[in-house]
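What follows is a pair of complexes built around subunit A, which joins subunit B in one and subunit C in the other.
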Partner chain A sequence: MAMLAVLQGWDWQFDGWIMVVGVLCATSTALLGNFLVLRRMSMLGDAVSHAVLPGLVAAFLISHSRSSLAMFVGAVIVGVLTAMFTEWIRRFGRVEESAAMGVVFTSLFALGLVMIVQADHVDLDADCVLYGAIDLTPMFTVNIGAYEVPQAAVVLSVVTLINAAFVLVCYKELKISSFDPSLAHSQGVRPAWMHYALMVLVAVTTVACFESVGNILVVAMLVVPPSAAFLLTHRLGLMIVLSVVIGAAGAILGHVGAFAIPRAFGMPSTSTAGMMSVALGGLFVLALLFAPQQGLVSRSIRRFVLSQQILRDDIVAYLYRAGERHGEAIAKRSDLITELFSSAVPMSLALRRLVRQDCIRDCGQQIELTKQGEKLGKALVRSHRLWESYLVEQAELDRSKIHDKAEQWEHFTGQALRDRLVDQTSSTGLDPHGTVIPAEPKSDDDGPPDAS
Partner chain B sequence: MTGPAKIETTNQDSVEQGDCPLSVMDLTVAYHRKPVIWDVEFDLPAGSLVGIVGPNGAGKSTLLKAVMELVPRASGRVEVFGKPYHLSRRNVGYVPQRESVDWDFPVDALDVVTMGLYGQVGWGRPVRQKHRDLAMQALEHVGIADLAKRQISQLSGGQQQRTFLARALVQDADLYLMDEPFAAVDAATEKAIVEILRELKQRKKTAVVIHHDLQTVPAYFDYVVLLNMRVVAHGPVQEVFTPENLQKTYGGRLTLLDEVTEAMRRRERSL
Partner chain C sequence: MIWSDLWDVLLLRDYNTRVVLLGVALLGAASGLVGSFTLLRKRSLMGDALAHASLPGLVIAFMIAVAAGGDGKSMPLLLAGATMGGLAGVACILFLQRFTKLKQDATLGIVLSVFFGLGVVLLGITQKMDAGHSAGLETYIFGKTASMRRADGIMIAITALISILVTGVLFKELKLLCFDADFAGSRGLRVWLLDTILMVLVVMVTMVGLQAVGLVLMVAMLVIPAAAARFWTESIFRLALVSASIGLVGSVLGATASAVMADLPSGAMIVLACALLFAVSMFFGTQRGVLPRLWRRRQLNAKIARQHLLRGIYELSEAEFQDANPGHWVSLIDLLQKRSWNSKQLRRQIETAELVELVRYKTDQVALTSAGYAEAARLTRQHRLWELYLVHYADVATARVDRDADDIEHVLEHDVVEKLERLLDHDPIRIAVPSSPHAMEST
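Here is the complex of A and B:
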């Protein structure tokens, strides 16, 4: 019920259109953004969205109207010029691309500001440039057939369709010229053409979105969804799809959040464009944490799982060695913790798992190896000692250095590898320290798993 | 120039030019006025394995890039099978230098190899199953078909090099240009690459390979171009790959060239 109270005043007609506009912005920008991110030109959107200002003002001064078309054309021309100037400065000034971009867009933006001041009746205010006016977009409508549709939605639909068609038709050309321009060249694809086509569309898209969402969100939408998608997949096609989904999700969450979150604290709703950027940032952080391969959380989970596997191996091997020495494969829990450099929590987790695997018996403070555990321990100790023999005989390593390596590798050595170690070491049955290498355990057991 | 007479008989204006896989005439490339390669001139015999050898900074990569029109030429001409490069580039396979590849790019080995077929697929058309099959065969050829779906940064150095070799092979070109394919590869990969080079030769293809390990030159190549900004010598390995020529190639750069460039710069600044 609290949920409903927060959403009081929500108007599907009105707020629905805001979300549609947001989703269209996100989709059109994310489609191109993937290639900007992959070409390490992420900040081009930033540059273009700032640099178009003099184009807007010039269009106004020349046409004496705020006609959208004139403004649009003016902005696109300057947007494309930004990309071209950047390229020229990079090439002839011999500076980095980002430096060249910095020179071009700040100069053009400043030129635009100066022009605004001169033409003091120009109705362009700084807030609008930064945040856009997405909350107002449903108020400016055009009629399409019998329907009244916000103008922004119409413009952005067209831009989205153009971008989608571009990415679909030129998918492999974009892919090859982003990945390997020289191969693209030799395959008859002109990477320079693809570059400029991309730049023109980035300029068009940026200008189209600019009016609705301002230049902060344009940059966020160009860069953040593709960067998040990049963390989630290793495939370009999927990356593009994911970036669109993430962008759209950010737009929807952003608007709902801008509407609902401040109300939950009894305040009026906040800037939708700002909240969309925040939502995108949040989604990026989620991707950073939980990406299946590179995610921070998934990486630390994998690391923990591996450390537990190793600890379980170590416990079993320790008990097996104790059995060799004293005839009884028994140890105190506290000894295990100190001897294996572990601590209480990981140790009890590992012990509980070993009990379930029927490798040990947990008799309170005493830990005892079972038949099953003995086989496992035998295999581990055998691997360890075989590796030590191998390192001394084949790699001619000093005896003082072999223990650590064998200690590490024993966890990743299965029977197949042990058999090969036997083939390549002398068959004295003793390791370099003179200890007996235990025989291969009987076959129903497969020892510690291989590296897989 | 110590080029042997045998090769020189294929003269510039002879009719046989069409057969010459790569003919470089008077080629000069300069970055910011400083010449990187200077008056490079050679014709390569068809169906040979050619090593390009020279010290760091000798302009070996630049030479290949200039052949492929990737860097502007200050002067000179290049003909590939008797035609300018851009008319015969479908017939040229290229293996880039490892450092120039963006290994984090979201593509797998199969994707990379398939790129070698984009020219055949045609503008704006999707890659079809038959192209993927061809790419798969090329991966099998270089022995890493089981890694087809692996993202390229997850491959070892040798596997990465094999991927790019497969990409060149799938182009089924007649001339291959390879920029240090032997750099940072394991012994098994080196062997595999050599085998593939020999196979190419059997199929009457020509491979031009930038190579660093002087010891293996006589074993791997039958023709060699010794380069240090200009061509010191070129010809069959037995005739040209001599201690004197190597001394000329590796002993001392063209210091006078550096001096004249410096003088040009000073003059420019004082203007």
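Here is the complex of A and C:
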């Protein structure tokens, strides 16, 4: 119910169009943004959207009007010039790409500022360029058939279609020239043409979008969804699809958020464009944390699971060695913690799991190895000592250096590998330190016990 | 009059102009200095990202001040807020670069746009709040140009001093960081600490500069002087000096222009002046400028062509007369067939070589002078020594060595030739030319 109260004053006719425009912006930019991110040119949108200022002013001075078409053409021309100047300075001046970009767009922007002052009655709204006017887009409509459609929605639909067509038709060429320009060249694709085609489309899209969402949100939409998608997948096709979905979701969430969140605190709604980039940022953070392969949280969970597995192995091996030395495989919990460089919480987690696996008996402070656990410990210690023998005999390592490696590899050594190690080492039955290598545990259940 | 105005400006007669000129000059120098390191670290657009990232910090500082009952426009507080925002942005960028596979440009774009978006959202809220005297808050970030006050000037001077001191003290470490961060790490330097120090310098300069010239123009001050200076030198020390000087000169030029002509915004003029200096540097810069580089390539090509001519004549006369003494005339037609040159190119080469008296020329025949002979013998000797080396030591087939030696003969230094002599047991004193190891095609 609170949710509904917050959404009071929501008008599907009006707010629906805002979301449509936002989604169209997000789609058209995300399509191209993937390739910018892959080509390490993410800042191009930023550069183009700043640099178009002189184009806008010149169009105004020449046409003496604020007609959208003249402005659009002027801005696109300067946008393309920005990309070309950057490329020239990079190639002929051998300046690093981002520096070249910085030189070009700031100079053009400064030129635009000077031109504005010279033409003293230029009526350009700096706020509109910076923050966009997406909240106003439903007010400027054109009639298509019987429907009244916001102009921005029409323009952006066309741009989205063009971009989608470009990406579909030139998918292979774009892919190959983004990842390996030399290979592209050798296959008869012209990487330079792809580059310029992409630049022109980025300029057109940026100009078309920044009127509605402002130049900073253009950067957000170009860069953030593809970057999030980049963290989620390794496949280009999927990355493009994901980036479009993320971009659209960010646009919708952004508008709803701008509408609802401040109201929840009793304040009037805030900038939609700003909230859209915040929403995109939020989605990016989610991807950053929870991406299945590369997410920070997923990565640390995997690392924790692995460390638990290793700790369990270490406990069992420690108990087995204690049994070898003193006849009974028993150790104190506190000794285990200090000897295995662990701490209380991970240790009790590992012990609980081992009890469930029936490898140990937990008698309060004393930990005791079971039959099942002894078999596991035997296999681990056997792997360890076999590796030590192998390292001394075959890799000719010094005896002081073999322990650490054997300690690492014992966890990943199954019976098949142990048998091969036996073949490769002299079968004295003793490891390089002179201790007995335990015999292979008789397996009533198959497979290496540590692969559980 | 413009001229008297110019005079006034240049002599720093007016107090305001004095403050502005000194201020922008120091700012230009400081950002040029810091920018030269960020350029080499390939982080030119870092200033852009963190300048945008400072907006939410600024607005939050304002909100806190208003909530605490102040009017929120206290400069040190806003500056502190903006700096915190910028630092948070830098931290996010460095974090993303370290823990994800995203590249620098993407991390900059993400932080820039998301932070700025957040700032805009907060700004939208404050503007609609009751206590909102927040109007003009954002002009802080986009600069108000040419109204620098004494306090701003002092702030800039302090920042400039700090950046000079820090870069001076840490010069060696920063140099290592810029050229080979991995190596720096292996030498026990804390790369992340140095990076952070560098970024803090960038934040400082940017925050102070935002006030004076505005956001985009501050980005320009960090990028353009350094990029321009790169054309003039290959030494990092000189790069820092030249970059600071270009920043200084550009700022003074721009500020002067805007002071003299009433309706030119000073920030934009400073950037345009720097852009002009950049264009000049790009074409005429002595080390990497486009024109000097073209010139050097032409010189090299001319030298190579002349050496080809001399060796061509030498080998022809050697083939015809068994020894290649000066004064043997060889025919142009034979010479023309030795290489892939057309008769026009060949004639031009002969003419220029005749000017410096290396060859003599009469109708369709050409001969070496004794100077030309000495040079040609030296070249042929180098060529053949290299061929012999390839045959004996690199096991290259005899039929293929001519082409390889052709490339290398022009750049063989004296000490390399000496090494070859030692390796091949050739007597260095006489101009003894070993006979060619492969059959001469022209015979």
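Note that the second predicted complex is superposed on the first by the 444 of 452 C-alpha atoms of A that agree within 3 Å, B and C clash if a C-alpha of one lies under 4 Å from a C-alpha of the other, contacts with A are read in each partner's own complex, and residues count from 1 in each chain.
Convention: a residue touches a chain if its C-beta (ideal position, glycine included) is under 8 Å from a C-beta of that chain, and two chains touch if they have at least 3 such contacts.
Since this is a predicted model, take the numbers as computed values, not measurements.
On the superposed subunit A, the two partners subunit B and subunit C do not both fit; they clash. After overlaying the two complexes on the shared chain, residue contacts for A:Ser300 are found with neither subunit B nor subunit C. Contacts of A:Leu222 after superposition: subunit C is touched, whereas subunit B is not reached. Within the superposed three-chain model, A:Met275 lies in touch with subunit C and out of touch with subunit B [touch as defined at top].
Of the two partners subunit B and subunit C, more subunit A residues are in touch with C. Residue contacts after overlaying the shared chain place A:Phe230 against subunit B and subunit C alike.
In the superposed pair of complexes, A:Ala110 makes contact with subunit C only, with no contact to subunit B. Once the two complexes are overlaid on the shared chain, A:Gln394 sits clear of subunit B and of subunit C alike. Of the two partner chains placed by superposition, A:Ser343 touches none, neither subunit B nor subunit C.
Superposing on chain A, the segment of subunit B with clashing C-alpha atoms against subunit C, chosen from 74-82, 110-118, 182-190 or 236-244, turns out to be 236-244. Looking at subunit A, you'll find residues 94, 230 touch subunit B in one structure and subunit C in the other.
Subunit B meets subunit A in the complex at residues 32, 65, 68-70, 89-90, 92, 94, 96, 100-102, 105-108, 111-112, 115-116, 118-119, 121, 123-124, 126-127, 151, 167.
Those residues of subunit C whose C-beta lies close enough to touch subunit A in the complex are 39, 42-45, 48, 52, 96, 99-106, 108-110, 112-114, 116-125, 128-129, 142, 216-217, 219-220, 222-224, 226-227, 230-231, 263-265, 267-272, 274-275, 278, 282, 288, 290.
Residue ranges of subunit A in contact with subunit B, taken from their complex: 38, 94, 169-173, 175-176, 178-180, 182-189, 230, 233-236, 239.
By the touch criterion given at the top, residues 37, 40-43, 45-46, 50, 89, 92-96, 98-103, 105-107, 109-111, 113-114, 117-118, 120, 126, 131, 216-217, 219-220, 222-224, 226-227, 230-231, 258, 262, 267-271, 273-278, 280-281, 284, 288, 294, 296 of subunit A touch subunit C in their complex.
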